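Take a look at the structures listed below.
Heads up, the next two complexes both have chain A, just with different partners, chain B and then chain C.
Showing the complex of A and B:
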């Protein structure tokens, strides 16, 4: 019997380190700790296409021009100044001198030239590079001196300088290739599937107002954590310092517990919307295709949806009714003259009657007597979208329309909306990271792949889509922001009139930041909570901070 | 038959067994690839919704993806690459599959071995305690506790581990323990009830001597077989547990591969898991037979 207890005691002692909680952190230098929601697919900043890699690029990459996430203004980065030519094809940069990459390699105009050539290589298929493609032909890069670069594009590029916010400069000569960086941090360690450690780049060029070198933080540890419940649990335990994107449900829960940590920066750029499938070859009944092609039908659906309720109930008030492709958070490009959407079931029924629909008892029927019923697909596991469809179902039942909900995992959903077109309506969200309308060319051009309601048209199916094409091309080739704004305002107006996408809400940009983080100022633009990582630091009280 | 012939026969037998094991693993892996290939959403990624990509880039990436569209072609390319020791590149993580497996396998192996160790130790101790105490209350409590653990799905165990900050191997141990306990308990009871063990006890032989000389030799062959089975169970439990606990092992990788319909990754992860399980079972079987042969 004694032997049994000895074995038990030995077992317990051998397992003890694993059961013991994490050690108290030494916050002498400060290590910020937060989670990535997926494995970064690449550390090459030119190939970034998803959020995790984008986070690494943002924190490590040095860019010529940086978009200030709070003021939405462009600020000098590695370039002290820049000038775009009158024809919008050429941009000339003056670079900072005496800078070095994280591994000590000197930074010169050659590095910018090398980066731009690599980025614009057609074989690279880089989303960042493709944003610069406005016409056929080669991009030329000249380096008149070590501190100046001239980049010439084959055709005018709308919002050219803003695109450089996404271009992290690579070293032309460093043996470390893309791991040599010019940003505030560099990748010091990567444990696949587990975590990434970023350390302070001591060669970073920026200093604070008192002349102290930035960043303040010693390091940032990014844990790969897909499960949002666990992420929240870890935040509440003090194991991580911030959650960059927070759902309304989690936000409310945190706000009730500790109001100081929950931050709602206001209406964000992201929108939620529903659209009807107007693809002529879609595999469903012709009468439904006729409904979905009808502007009156789409407008009536839009009028019959109570967006205020969606904002209030589904998002707990942390969203704003939406009625166009641009959020009011996008100060310059938002068309403020658009009328706000009015919830009016009676008006919706009148509009439907004009289009030949009639209400029989509690059922709406079309001119051929078919009951109006359709199925909305959305991605599974997204509670707020499922709730939105449930509320839309209720709203539309008031005008006799039956709505069914089908949830699909994301790959299946994408396959239906981009390949098989086997769906009637879809509710999705758009995570908008770019302020400029040019980034939406592939959405609004009728020939584009992301023209979701009827993609890849050989010629515009409707007159208003032809007009959208014209306006989008016009804004893309215009060099004056005023002219571009006028064209883009008209696009927003047409979308509001035709409702190809029925915009529902613009969600607030919500995040959670521990009180231990000093200098935090969450913004509506992405990234929300760590956009100013270089000036963040941890407070003196280790009890408030995360544990290593 | 002389010793040389015996060794040659044994070698041939082992070789044949290995070929059969590899063949079975390969069949399992290709079957899983077939299921993934025909799953809805195969061949599409979130990148398809990225409005920044130009039409040329989107088409080029689609063409690249189309290389795996034909299953016979995929099988051919996969098997010929496998013959050269090339496991291909993950579609979703853009890294060589060999590198991914090399990074993840030790994590899972470590968790499984430690979890198995804890589960075996706890099950053996509890079963032995039951034999020593032999009271109805202890027995009923142990059975109730065991049944409770047995009723817990691996996912629930994983979530409990997250909430209790327990390590992954502990969750694996909790998932495997109840399956081991009842089996070990029955084996020990049966061994202790053998007439010669009863006679040894009647003669006043010490409990340690009875355990080592009479009980262990009797229970060892089925226990060795159980070791292989328990290894397979713990490896199976590790997949959902690692996925839910976000432990960077094969489970997390398999989960990611399934969700992203990553054919090269899923086929290789399945091959590795199938091979590990088959080899563990075969070794346990072989060890059990050898032990039984040597003691008979």
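Showing the complex of A and C:
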């Protein structure tokens, strides 16, 4: 299944402005500078599984179909057209002709066949390939001609064509292997721990409206910089041109100083949420497990949290109350009929009373007289999450519930939520890099590892989880988007009713782009600020940065 | 007492009275959030303004002072006691005992304490009451923070080992334990005080770092350490300079302690 990453306090950003317009700078070229927040683990596009490698793949890889990050529509890439069969198992591509890899090797259907075979090789363990594994059996690739390819899967693959946005085509014949690319740039130099230099691929196939070859930029220098404060400092000094992901605090700081460089593209795909541990074998009191298994209890907690305040105070207004597993930024898959979360502590108390809880003075007690108190863990060093828990603590104290916060280093936290299950509640975020519901299979299936409130179940513990399993399988095997949407809408509805995850906010996608960069049109999807790198260029003033 | 000492003592007395009476003097609890006025400047209702969640900063400062002023000196005292005993004994006795103590100190300095602390956090249950968590954190600081002081004290003790008064005491049949208690320790007392006072701010800042690991003082309970974590945001500091009050208070309190307690011995 595609990747859904539960993350620490890091990540998120984007921007939107409408000024995506065509580039009007009077000259092309220049070197764009920005930072990667970690060392790329691989340059093999089939093995990408973290952000830095994904950035390299995005900038260097040529794909058959490209997802437009702004319109969220699919656009032709190396394939001029494609057709998915009625049974959803076969896709036929018609390829562009006369193209060459960055090293001059010609591009043909053989390269697509070679890439698909490598991608689906079980020995390679490609995370990208996992997205295509819909059933047992071999994937067959036929190349009827040099410009057509037919790929057949053993079972229907939902949203098949969209998956090809992440498949960078490799050369079957180039001696440079994966370093021969079809994207706008190629890796020219790599200084481990320091920087990566990407140069313009002069064999890149795309041209602008006037027929000029793309990309405009001569090169991109990616400095490896883990510290966000330093990244921001370098941006302010003009040493780098953009910050792809900016959190609310830094965004506000930049916006105060130079409003033109800070971009808020609106609600992004990332969400923050809290969940209760419902693992039957978890090492804490049985009475607490009974609370956490109670739908009324979870719904009451959800109703007692003031999400508007979380958005306004913790994120400075750069977030909006979350509805469920899909952000409103995901235009097609978002279930707009879901009720907006309401803050109502009186209604929460009524719901708790129905479930046998009673308020005695300022303390809520369960039917056995136990005081309702639990501990929320989150990852240390993430100020916004600590603040969210502090605010939730005050909200829940209004209904007599005592909340304690414990911050843990990330490995310890992961150990607790995935192995020992020694925790009561957890607040984390979800970074979803994909719009398609299939990317969340590893969250919603009861047998999945990221089914965080009660993972790896041998059979569904509840009727509604069984229903989630059925719906997720149904949408994954359906070929009609309409049918898939109906199933996925129902999943969102069940999640809203049962609140296994209590969604809190969807954060805005924020980024920073220097005015020196012409053609920037930040988007809510990853990558936010350089998704259209091929049409970016540095303006007439080649000096770096926003400030001098 | 000099006039300066009187001022320092008065300040400390006033501060102790203030933190003891904070519960009655302050209009708001340190955890109460006034969500309509986050990051507010000083006003009559909130003399030091509010923090990012709208909590009264004065209330947090006074409660934080209570936590830090009680526990950081306690941890510093524990660490200084351990260092004083080990360092003085090693310096006085010399030989293989000194070598063992110094080797153990070096080894201890080289150990990755961060990982030890992480293990301790992992071993603790999550539902430890906040106060117990705070006490454990400062206890660990006291138990783990003696190494640097041992080296300093040992070097000083070595200096008095061959002094005439110690030779006289030995020749009079004084036993090593009595030598240590009656002759060496009093001569090293200014050094003990210095190590003690150096340790206090160090432990306060260490506590701030420990809270990042899930040890120490957790939200919403304040401490000087976690109040000073806000200093990482320089832009907020420049617009809200009163946020520097925990640092100012820390400096003043340490100076006052230094003036009041050890001055006579230092002068000797």
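We take it that the second predicted complex is superposed on the first by the 513 of 548 C-alpha atoms of A that agree within 3 Å, B and C clash if a C-alpha of one lies under 4 Å from a C-alpha of the other, contacts with A are read in each partner's own complex, and residues count from 1 in each chain.
Simple rule for what comes next: contacts are C-beta pairs under 8 Å (C-beta built on N, C-alpha and C of every residue); 3 or more make two chains touch, one makes a residue touch a chain.
Model, not experiment: these values are computed from the prediction.
When the two structures are laid over each other on chain A, do chain B and chain C clash or fit?
Taken together on chain A, chain C would fit alongside chain B, as the superposition shows.
Could you say whether A:161 touches chain B, chain C, both of them, or neither, answering first, second, both or neither?
neither
What is the contact status of A:481 with respect to chain B (first) and chain C (second): first, second, both, or neither?
So A:481 meets neither chain B nor chain C here.
Just to be sure I read the superposition right, which of the two partners does A:110 touch: chain B = first, chain C = second, or both, or neither?
A:110: touches no partner chain.
Using the touch definition from the top, say if A:467 reaches chain B (first), chain C (second), both or neither.
neither
Is A:192 touching the first partner chain B, the second partner chain C, both, or neither of them?
In the superposed model, A:192 contacts chain B only, not chain C.
Under the stated touch criterion, which partner chain does A:424 make contact with: chain B (first), chain C (second), both, or neither?
second
State whether A:414 touches chain B only (first), chain C only (second), both chains, or neither.
first
I'd like to know which partner A:389 touches here: chain B for first, chain C for second, both or neither.
second
Once the shared chain is lined up, is A:218 touching chain B (first), chain C (second), both, or neither of them?
Touch partners of A:218: none, neither chain B nor chain C.
Of the two partners chain B and chain C, which one touches more residues belonging to chain A?
B
Rounded to a whole Å, what is the shortest Cα gap between chain B and chain C in the overlaid structures?
Minimum over all C-alpha pairs: 6 Å.
Considering only the contact definition stated at the top, list the common interface residues of chain A for chain B and chain C.
Chain A residues touching both partners: 408-409, 412, 415.
Report the residues of chain A in contact with chain C in the complex, numbered from low to high.
The contact residues of chain A facing chain C are 229, 249, 253, 256, 284, 309, 312-313, 373, 375, 377, 380-381, 386-387, 389-391, 393-394, 404-409, 412, 415, 422-424.
Once bound in the complex, which stretches of chain C touch chain A?
Going through chain C, the ones touching chain A are 31-33, 35, 38, 52-54, 118, 121-122, 126-127, 130, 211-214, 218-220, 232-233, 235.
Hey, which residues of chain A end up touching chain B in the complex?
Counting only chain A, the residues touching chain B are 1, 4, 7-8, 11, 15, 18-19, 21, 39, 41-42, 49-50, 122, 125-128, 130-131, 133, 191-194, 224-227, 230, 233, 408-415, 418-419, 439-443, 447-450.
Which chain B residues qualify as touching chain A in the complex?
For this pair, the touching residues of chain B are 40-58, 60-61, 92-94, 100, 103-104, 107, 118, 121-122, 125, 128-129, 132, 162-163, 165-167, 169-170, 244, 246-249, 252-253, 256, 259-261.
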